[in-house]
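One chain, subunit A, links the two complexes that follow: it is found with subunit B in the first and with subunit C in the second.
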Partner chain A sequence: MKPILHIDKVSVHYGKLHAVQHVSLSVMPGERVCLIGANGAGKTSLLNAIAGLLPASGHIESNGHTISHQPAHQIASRGIALVPEGRGIFKQLSVLENLQLGAWLRKDVVSVQHDINRIFDTFPRLAERRAQRAGQLSGGEQQLLAIQRALLAQPRLLLLDEPSMGLAPIMTNVIYQSLEQQQHPDLAILLVEQNASLALRFGQRGYVMETGRITLTGSSQNLLNNPQVQAAYLGHAD
Partner chain B sequence: MTRTPKNVRLSYSALAITLLALPFVLQFGLGRGWVRIIDLALLYSMLALGLNIVVGYAGLLDLGYIAFYAMGAYVYALLNSPQFGLHWPVWVVLPLGAACAGLFGVLLGTPTLRLRGDYLAIVTLGFGEIIRIFLNNLNEPINITNGPQGISLIDPIHIGTFSFSHNHTQWLPGLTGPVQYYYLFLAITLLIMWVALRLQHSRVGRAWAAIREDELAAAASGIALRNYKLLAFAMGATFGGLAGGLFAGFQGFVSPESFNLMESVMILCMIVLGGMGNVFGVVLGALILTAFPEALRMIGQWQLNQFGRVVVDPNNFRMLLFGMALVVMMLLRPAGLWPSRRHHREYAGERS
Partner chain C sequence: MDIFLQQLINGLVLGSVYALIALGYTMVYGILGLINFAHGEITMIGAMLALAVITHLTGSALPIPVILLAGLLTAIAGCSALGLLIERIAYRPLRHAPRLAPLITAIGVSIILQNLAMLIWGRQYISFPPLLPQGWIDVAGARLTDVQLIILITSALLMLILDSLVRRTPLGRAMRATAQSPRLAGLMGIDANRIIAVTFVIGSSLAAIGGFLVSAYYGLAHYYMGFLLGLKAFSAAVLGGIGNIRGAMLGGLLLGIIESLGAGYIGPLTHGLFGSNYQDVFAFFVLIAILIIRPAGLLGESTADRA
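Moving on to the complex of A and B:
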């Protein structure tokens, strides 16, 4: 089986600042992988580079196809969807328009409508506000909308950037539940989180990123038990 | 009044009759000059509608838009005047001017794709000035544009032997040149409004809205930024070029002077004043901002009658009032006189 995402020695520069340095990682179809690390470790830069929103050096491929140096919309058409940091919803557009834009690349109009109706059935708060501008939703609802919008593209890989950022714990639970309940068994997820315990409980494998480099990798269980990870990211005392 | 189908039909009929009767009423009531002003207002409406696609729909701030108007005007002028002795038919020249402008829209769009906001504004502003300066200096070594003197004796818009500039009062009393242009420009303005409305509610319009809101999220959703931005530039420029051709035929004279930066700014003001993104608001803004300075000319006459001399130059007075009006507008109706639903939400914030 070919990995849905395989990146080899990818680097991202902002001028002289090296945000990501020679990072390699891979994600298999249907797998949930998390990427943890402190603020400024380069996690967001890496996700944006994968999605084609940032220029990067190195090699990135998906399902055997090279996707590095391709424009973002072509990467999206390869089945890679990004829920960007800060959600990236279209705030002045309505909730419904946001969802429709998520299905931009799909040609099957009827089943798109069907999928949108299912989202409205599952999340009544979104249904109530379908005609209102998305900026009026609460932070958690915006995050829900952003994730559902990305899922409407029927991706094979979902790149999630800090879905719990700025949310109350109860809302974070709702978000993660919605991810657990999504109905695409083949969907792979690459999750970036600062909240390491949350991320490691969600993912099967994890990578730890520090100042632009991958410093540790392993199964979630191993990482949760790793004293270094515990000290640095899980808030356990030595 | 309730919105029963009958009432709606009634108001549409009333509007249609008003629009049809307007030039005659103006001509007999206020004089032929006012019909010309309305003709110009319709030309500006076309321009504002074109720029609205770029600025209002796609959110790309273009300060050099007048260059496309100039291009359409010069294509018409060069191919329909004694300058080269060419007299091509209108139905070739007008589309050619529009197409040329559209092509230059893409040429301007391509290098500026990565720019946003104020950076884009500065580059487009430069583009507008470059075109004007070109037109100003293309009289040497080979005389193409006749330089600052401009091109005169341009053929009026004509279909077969019917010239829009000639009076046809023998057919109908009051059917003068300006009145005939009025009907032509009105028809084209309505057509452009229709196209703009269709675009706004199409798949393309939704892509533009997404790009305007969040470019990166739009790209990540699979929208090809380059294509849609270039399409916005090209569509806007095409309308500008068409209006330019009509202007050249209507006016009979073009010179680089008519296409300065202030004109670009004025068209942008029409959009902002009327209501960015809303087709009807944009036309309203164009009508007000074209008619307003003309109405103010009367202040000069009034001063002359009152004081025996002109104390304040109406032109200065115009800028003063215009500036004040814009400031008041921004305070009271920041989304424009007739805002689009979407932009209104944007400015009203969470209260709406």
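Moving on to the complex of A and C:
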């Protein structure tokens, strides 16, 4: 089985700042992998580079196809969907239109409509506001919308950038529950989180990123038990 | 004859042509943040192409509507191709450049097109062959000519179609999404370059139709006509709120009406000091006034909301 994402020695520069340095990682189909690390460790830059929003050096491939140096829309058509940091909804467009845009690449109009109806059945809050501008939703609702919109593209890899950022714990639970309940068994997820315990409970494997480099990797269980991880990210040392 | 009603009709006709042209400015601005100053020249090229074909076919055995349609379709095809070409070679390479660079480029393109038209079609006025219906109908004492009626119906239809296209179709959704954020649109799998190209094709087609209608209305075309026409349509787009499609329609109609009423009444009001030859001044009074009083335009949102 070919990895749905394979990154080999990828680097991202902003001028002189070396945000991501020779990072290599891979994600298999259906796998949930998390990437944890402090603010500014380069996690967001890495996700944006994978999605084609940032130029990067090194090699990125998905399912055997090279996707490095391709524009974002072509990477999206390879079945890779990014829910960017700050949610990235179209604030001026309605909730329904946001969802419809998520399905832009799909040709099966009838089942798209069916999938959108199912989202509205599952999340009555979104259904009630379907005709409102998405910018009027609360932060949590926007995050929910952004994730459901990404899932509507029927991706094989979902890249999530800090889905819990700025949300109350109860809303974070709703978001993570919605991810647990998504019904695509083959969907792989690469999750970036500052909240390490949340991320490691969600993912099967994890990578730890520090100042642009991967410093540690292993199963979530191993990372949770690792004293270094506990001290730096889980707050167990004090 | 009722002067007010007559000037209102004239203004509506003129305004609907301004609106068609203003749509091109506003759509391109909405998506690229660029004032495409070459748009007026595209309108001129549309009029010139249409007239060239129509003049060439006049006297042939073809029925008159076919001749007119051939001219119109040539103008649409030619202007679409021109719009695409300009976007590709002049604007796309500058998409991430500071905003002043594409603006100056647009002015450069506009000068090139003007001079090109002068070299091809000469400096003289080109008259519209006498193929158009000459009838008119009486509207409560004012006169609505057949040509005016055709202009009103054509532009109303086009605006309705464009409005539904932008508001109700997947393409329109993608256009609005790209206007809001090309980066996010890319994440949805939308090819921003394709959407931008489509926008230029639609805007240039509307300009071609506007150019055709204006030359039919005044009975002539000229290589320099795009300058004033473009400036007025741009004023209309700003009046309505640049970037806002319904704003461009409203701004165009209003500007046409203001201009016509102004031209109709300025003589009597100033006891003959100023005449209707001051017609062109009103568009720029309106532009200056709106920039002072409400820079975002009538239907525009403040720029902070648009970000």
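Assume the second predicted complex is superposed on the first by the 237 of 238 C-alpha atoms of A that agree within 3 Å, B and C clash if a C-alpha of one lies under 4 Å from a C-alpha of the other, contacts with A are read in each partner's own complex, and residues count from 1 in each chain.
Please note the rule applied: a contact is a pair of C-beta atoms (placed from the backbone, for glycine too) under 8 Å apart; a residue touches a chain by one contact, two chains touch by 3 or more.
Because the structure is a prediction, the values reported are computed rather than measured.
In the superposed pair of complexes, A:201 makes contact with neither subunit B nor subunit C.
In the superposed model, A:184 makes contact with neither subunit B nor subunit C. Judged by the touch definition given at the top, the superposed model places A:136 against subunit B, while subunit C stays out of reach.
When both complexes are overlaid on chain A, the residue A:114 reaches neither subunit B nor subunit C. Looking at the shared chain after the overlay, A:77 reaches both subunit B and subunit C.
The contact surfaces that subunit B and subunit C form on subunit A in the two complexes overlap at residues 51-53, 71-73, 76-77, 81-82, 84, 88, 90-93, 97, 100-102, 104-105, 149, 153. Partner subunit C is touched in their complex by these residues of subunit A: 51-53, 71-73, 76-77, 81-82, 84, 88, 90-93, 97, 100-102, 104-105, 149, 153. Those residues of subunit A that touch subunit B in the complex are listed here as 48, 51-53, 71-73, 76-77, 81-82, 84, 88-93, 97, 100-102, 104-105, 133, 135-136, 149, 153. Interface of subunit C with subunit A (complex): residues 170, 173-174, 176-177, 180-181, 183-192, 305. Touching subunit A in their complex are the following residues of subunit B: 206-207, 209-210, 213-214, 216-226, 342-343, 345-346, 350.
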